[in-house]
Amino acid sequence: LLGSLAVGVTVSLADIEAQALAALAPGIGEFVRGGAGDELTLAANLEGWRALALRPRRLVDVSEPSTEATVLGRRLQTPLFVAPTAMNALVHPGAERAVARAAARAGAAYCRSGAASQTHAEVAQAGGVLWSQLYVLRDRGLTRNHVAAAAEAGYHALVLTVDAPVLGLRDHDRRSGLLQSATPQSADSGMATGALATQLDPSLTWADLEALAGESPLPVVVKGIGRGDDARRAIDAGARAIMVSNHGGRQLDGERSTAAALPEVVEAVGDRADVLVDGGVRRGADVVKALALGARAVGVGRLPIWGLAVGGEDGAFAVLDRLAHELRVTLALCGTPDAAAVPRDLLA
Amino acid sequence: LLGSLAVGVTVSLADIEAQALAALAPGIGEFVRGGAGDELTLAANLEGWRALALRPRRLVDVSEPSTEATVLGRRLQTPLFVAPTAMNALVHPGAERAVARAAARAGAAYCRSGAASQTHAEVAQAGGVLWSQLYVLRDRGLTRNHVAAAAEAGYHALVLTVDAPVLGLRDHDRRSGLLQSATPQSADSGMATGALATQLDPSLTWADLEALAGESPLPVVVKGIGRGDDARRAIDAGARAIMVSNHGGRQLDGERSTAAALPEVVEAVGDRADVLVDGGVRRGADVVKALALGARAVGVGRLPIWGLAVGGEDGAFAVLDRLAHELRVTLALCGTPDAAAVPRDLLA
Amino acid sequence: LLGSLAVGVTVSLADIEAQALAALAPGIGEFVRGGAGDELTLAANLEGWRALALRPRRLVDVSEPSTEATVLGRRLQTPLFVAPTAMNALVHPGAERAVARAAARAGAAYCRSGAASQTHAEVAQAGGVLWSQLYVLRDRGLTRNHVAAAAEAGYHALVLTVDAPVLGLRDHDRRSGLLQSATPQSADSGMATGALATQLDPSLTWADLEALAGESPLPVVVKGIGRGDDARRAIDAGARAIMVSNHGGRQLDGERSTAAALPEVVEAVGDRADVLVDGGVRRGADVVKALALGARAVGVGRLPIWGLAVGGEDGAFAVLDRLAHELRVTLALCGTPDAAAVPRDLLA
Amino acid sequence: LLGSLAVGVTVSLADIEAQALAALAPGIGEFVRGGAGDELTLAANLEGWRALALRPRRLVDVSEPSTEATVLGRRLQTPLFVAPTAMNALVHPGAERAVARAAARAGAAYCRSGAASQTHAEVAQAGGVLWSQLYVLRDRGLTRNHVAAAAEAGYHALVLTVDAPVLGLRDHDRRSGLLQSATPQSADSGMATGALATQLDPSLTWADLEALAGESPLPVVVKGIGRGDDARRAIDAGARAIMVSNHGGRQLDGERSTAAALPEVVEAVGDRADVLVDGGVRRGADVVKALALGARAVGVGRLPIWGLAVGGEDGAFAVLDRLAHELRVTLALCGTPDAAAVPRDLLA
């Protein structure tokens, strides 16, 4: 599948990143690739998964593997989701809807960004399992509109992002000037990162989460949790799932990797809620490691955007399909054919 | 000995790898050299041995060193074996028989690959201690033929490979196109890696091992074990030896190194069976470290193939002879002149 | 702010170091940048902070952040101080006073070097919270003059430096010849590093500290402490604050990082005195990590000098202002809006 | 002092290594610089010291530092010794005597190599504290002659080398051809490394040490110990001092660093004998770290040979003098002015 994307040889997902960076305007490519500050967390996210070593089981019948996952009571064909990324129209005119269709084709969930370039309704035409990232803004009217639009368009969950009370130190974007000049093709609640930064509400607290969870017609996922105590508070306040995330290393540089944070959160949550994770996932083996640590599903943000940049919807699909393929092969080689039951002792 | 192999200066085994890669067609060289995925396990295998530090004993009489080893009741002059590698005819027309003769000359065991380019009988002309790697295929008739051919040709053991229920993610071969185009000069059960991939049986279980061990006229070694619990189950099912292996980093990328897995397996096995190991061994000191961790014999896969590529049988022999020489020197310098009794506390 | 400093793109503080090194004569640039010996401690200082990973809290109201700090009973707008660096006139004619004014504008404390190129009085025109670094010299009359001059000029503390009984092995300066040729525009007690080296008193003991603390009209900070037991002795001898420092890696190469030393000192001191720290701080996140480990305020030495070199007072201010900005953003992203109450468990 | 050695800028001891390598024939330079195998131990020796972090004490009177050391009852002005290195005439016509005179001038002990290019008597003209390295050879008559020659020439100790029952895997010398072609200007027991290799006695045991210690008119130091149990056995057999050494990484590649082995040996020996160490020492700080771990004196092998290569006796002296200077400065900066009483808690 990946082979059809490009003239050159495209074998691994790393190839696609290189192709996309070559194809995009530098400022846009850097906007997608970069992280905050010195990119310590960006690098730690990748290294966090790579440093975990597998202890595969042998002579297990892996002829009928299952990658099904259940998140918030909904069935996914593969335990993957597309994590929200801002302003996809900067990368390809197909934008969010193209990626959402790719996710639906791959059997993964799709999370529309709170800074999307297309409306909830436009994206929802893609079908599949749809989540809507929500930033609670200073103007709470905007937030109410957002929730209503998501519900009306048939989204299945709200993903409240809590790791962005202010915008991170995006040196790479300041270098390229993107934060100043980007003018996204906005939509209902869609707004550019630059504009969003001025609207972020730094006064958000657990009480706001409790209010939102109480009023929302959709289940609320809290995205950006990195500690066990916070995970417990989130569930106490009404969250139905916890997404361990550090915003792909784009917000707090120096935060530990999500691979490092995940075990503490899983232990704190127990079976009270689903735990999801994103950040630094580049290979099927990374997904298996996250499942072994207790994640229900695993998110990728930049990967499908590279696919989108290189080949639109088909490119994004090829990426997700390749990742799902790597996941199946890795599960088989680990002797753990059921993605929903990967044991903790698979890790050394 | 190594000096005679090449025009340039050939001193260490690393020199031969470079010479072979220069001599072979790139796709072939990469096929031998490469590992799965990002080659994390390939690298970990090498680093695993290198990171172990030696605590040599002094003033021990090392004037009469012994490198003899007993594996499956058979005496080897040196505790080495040639691990199976596919389709050696791609590298040199002498193919498997040339390497087997080199092993016999060096006093090491030889394991014919289940994807060999020569028949069991052709390879057996080499003499020496001979093992036959076995993949249990979807068509069990092929497996029965394989076992019969090995027994008839006088092999001394079957080496059932259990780390390949499916083929690993061989990005390097997809890049070079080898998996698609290679058409080996096949034989009785010999088949190319590409063809083999379609025949691998992912439904293999411990029951199949038990059946094989019960019916086989030859003792069964289980290759590809990386955990203590699996080693115990293998012995319970009739295995006579355990080969700790991760397929040279060519199957499950992210699996821990064999140096990391070996102690757990040795402890689980106790004296119920022989423990063998391969993966990442490049120096005599690596062999000594594996012996100190409890291995009975230590395998090398790529090294003799580099020798084969550069100098046919003599090249493969030079490599094994050099490794055996390094082993003897290292044993002497460690104050542990008996390869069969290297103490655990030789390692820091 | 940083954008106005240079023609090229200036985004992070690392950019300014490169610009300053390009602008300064090589010997001068190296004098500022370099460390003792093989610069192991210089590198360890940076890595010490970077290696600490953050565990941010979420959904804390960070809309009214406070960076106020109280050191020696005086209020700072930001928990930063400018650590003493010698002979600033080598870098820019504005010299120490320019940096002191920048510190005052940024709300940080300023510590005049004991090898400054301007007098106490000249520097004091800058206003703000002023400290005076003191080397106790062989000629104790010079020391008495120094204390008197500092007191008369309205400084708020003496910072007795105890990590320089002799000059460190400044290979980089011997290489450039700076130690031999530099002739600073000296002042009351100001003297060049080369001249200072001959005046350092290696016989200084705790009794001297006790005497100084007893006689001084100003509170005494002891700078250069790296162990808990020494910190306790310093307080017993009358010190009012402890500055954990290894002289920016310019004295004892091989000394551990200040990030590694800080916890031991904080634990030993308890609430008996304020603990300050410098060394290797390059980012707002480094400051937050130091605060989490118990520092009251955090010093930067080279950073404002790079700013001074590139843009005089405004350059030094831009650096401090940027660092304070990074600090505020990082505190918000950590969910710890009060710089004076950063919890220890913010670190993994 | 170092400044006078060369046309270019010579500041640190690393500069001299580069100068010497540039001046010597490549095979000779490599012979001095290289280690066995992949040079893992050579690198580990250096990293072993560098990785130890110092916790200096402050406000200690360091105005009257003492670097005196007592080894085998003899006073040294500095706790340094020149470790034996073979065939110094390959490097400079002054050869061993030049280095021995440099050592005497610097107040360090000198250990003549068992493969020296000058006789015991020729070297002894240098004066100072003199030790004689001894290889016990197959022809014990040669050994008896060696002991007699050393005693007659007034040497103060025999240094029995026990880490060379056979010659290590000197790939670098095989590469350069040195082991085959070198024909040193030999002397009484002096012989080239190549010739020596054929004479090494691999049957040497503790009984031989006991016999030697019983008959020798000189105290016996055992060189090449790397474990506590061996150190105890050596003392039981009559050794008066233990030299922790791995032959500068030239014998058993993969052996742990001497910095890693030293604490175990010091603890096993207690006050029954002096403990010495060599291997990887390049800086005065390395010497202080070895003293803190319990060494009485610290050896350097390659460093004075680089000095010899660049400047004969004066070059070797400059190196030792610089190292002693770095040692004094480092002791002062550590607040440990007495080299004979460096506390263990100086290390983190």
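For reference, chains read A, B, C and D in written order, and residue numbers begin at 1 within each chain.
To be clear about the criterion, contacts are C-beta pairs under 8 Å (C-beta built on N, C-alpha and C of every residue); 3 or more make two chains touch, one makes a residue touch a chain.
Fair warning: this is a prediction, and the values are worked out from it, not measured in the lab.
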{"item": "Distance between chain centroids, defined by C-alpha means - chain A, chain D (Å)", "value": "59"}
{"item": "Centre distance in Å when chain A and chain B are each reduced to the mean of their C-alpha atoms", "value": "42"}
{"item": "Contacts with two or more other chains, residues of chain C listed in rising order", "value": "none"}
{"item": "Chain-level touch network, classified as line, ring, star, complete or other", "value": "ring"}
{"item": "Chain pairs that touch, as defined at the top of this document", "value": "A-B, A-C, B-D, C-D"}
{"item": "Interface residues, chain B side, partner chain D - complex", "value": "9, 11-12, 14, 50, 52-63, 283-285, 288-289, 326, 329-330, 332-335, 348"}
{"item": "Interface residues, chain D side, partner chain B - complex", "value": "37-38, 40, 44, 162-163, 165-169, 171, 174-175, 201-206, 208-209, 222, 224-227, 230, 233-234, 251-257, 260-261"}
